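Should a chain be cited, it is by its letter among A, B and C, assigned in written order, with residues numbered from 1 in that chain.
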Amino acid sequence: MFTQSSEELSIKTNGNKLIKLTEKVLNFVDRSKISNGILNISILHTSASLIIQENADHDVQKDILNFYDKLVPMDENLYIHNTEGKDDIPAHIKSTLTNSNLTLSVKNKKLILGTWQGIYLFEHRTKSYIRKILLHILGEF
Amino acid sequence: MFTQSSEELSIKTNGNKLIKLTEKVLNFVDRSKISNGILNISILHTSASLIIQENADHDVQKDILNFYDKLVPMDENLYIHNTEGKDDIPAHIKSTLTNSNLTLSVKNKKLILGTWQGIYLFEHRTKSYIRKILLHILGEF
Amino acid sequence: MFTQSSEELSIKTNGNKLIKLTEKVLNFVDRSKISNGILNISILHTSASLIIQENADHDVQKDILNFYDKLVPMDENLYIHNTEGKDDIPAHIKSTLTNSNLTLSVKNKKLILGTWQGIYLFEHRTKSYIRKILLHILGEF
């Protein structure tokens, strides 16, 4: 029988970092009791985003952060829109370069991720924010 | 009861710009009568793409356009493939940096978007085109 | 009647290239017997990714590869994490710039793709790998 359920996560961030969501997502899939289905993860903001990345070596995360900071510098002279701080436009641009949503599959009660894949919230702003993320699963018990 | 419906939008573009699709998407979700489900939006082209971005300050859009134009310059000397004009390869590359599809959730008859999130067609070519976008919703009445 | 099915592809890669998956995906959709539904394609790795791109002119692919190689150079001096070779961190970064999953729609037994759209595995590592890709369709017969 097909069914669906959803839940909103509220994640407190603390600066320009990657925050692992994998456990929270696995826990939601588990509680949904859905054995096979499709999971959509949508972030409800335009200055933070979602990525799937390596969950083993922490240096990979530092290199990803450094790369995006060099590609989209926090330099007010580069942008028109600066009313919300020098990290504002870079945050919006980095969001468009990554993802506002991720879709994953659930099979035999397991979320299908590769061995080294983790699900991350990518915070692009430098201050602390509460970020809302919708988890929505649709499938069969 | 689970059901689904789909519709193809035809959007006339007019140069390298962001074109807001939010109202058209909300209208489609409304007409589908689906209360809870998953919406897939796919663009059927490789030189235009889709993004979710800030819907309030128009300068954000200008900064996003400027950033992509600097990152992927319309300079024929940089690319092998130039038969369709200097904006052709940059358009394909910008498409790979953004999205060919977006997936969103519908809950209690509402498309789940953050307060500042708008859905945009990102036209990367400089001439006018008709862009086809498929809207497809699957869920329960 | 709603149903679903899934299958894991194993693709042998041979260096930093685009590998066309379109025929394998079409074949899976065909065998699923689903007439209308949503297809999710997830890659189970963090150093290879998925894109939809032009399937006609092979030079477009070369220009895309060149662009990403210039944007994220294989230069060990640029990154902290270098234990797995100079192509390792660039591979992770290129994955975050493209996609870990693609979602597409199936309508009247046809996968909805534009005339020029092909589905590609984007291998970012220089050696040969076996890449696992999950195909998952959910819809009605």
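The rule is short, and it goes like this: contacts are C-beta pairs under 8 Å (C-beta built on N, C-alpha and C of every residue); 3 or more make two chains touch, one makes a residue touch a chain.
Everything numeric in this text was worked out from a predicted model, so none of it was measured.
Counting hops only between chains that touch, subunit A reaches subunit C in a minimum of 1.
Copies subunit A and subunit B of the same sequence differ by a rotation of 120 degrees once their CA atoms are superposed, given in steps of 5. Of all residue numbers used where subunit B meets subunit C, under half belong to both copies. The two sides are thus made of different residues.
The centroid of the Cα atoms in subunit B and the matching centroid in subunit C are 20 Å apart. Shared interface positions of subunit C, defined as residues touching 2 or more other chains, are 2, 38, 71, 97, 99, 103, 138.
By the touch criterion stated above, subunit B contacts subunit A in their complex at residues 2, 36-38, 51-54, 57, 59-60, 62-64, 66-67, 71, 97-99, 102-105, 107, 112-117, 138-140. Residue ranges of subunit B in contact with subunit C, taken from their complex: 2, 4, 6, 38, 40, 42-47, 71-72, 79-81, 83, 89, 92-93, 95-97, 99-101, 103, 132, 134, 136, 138.
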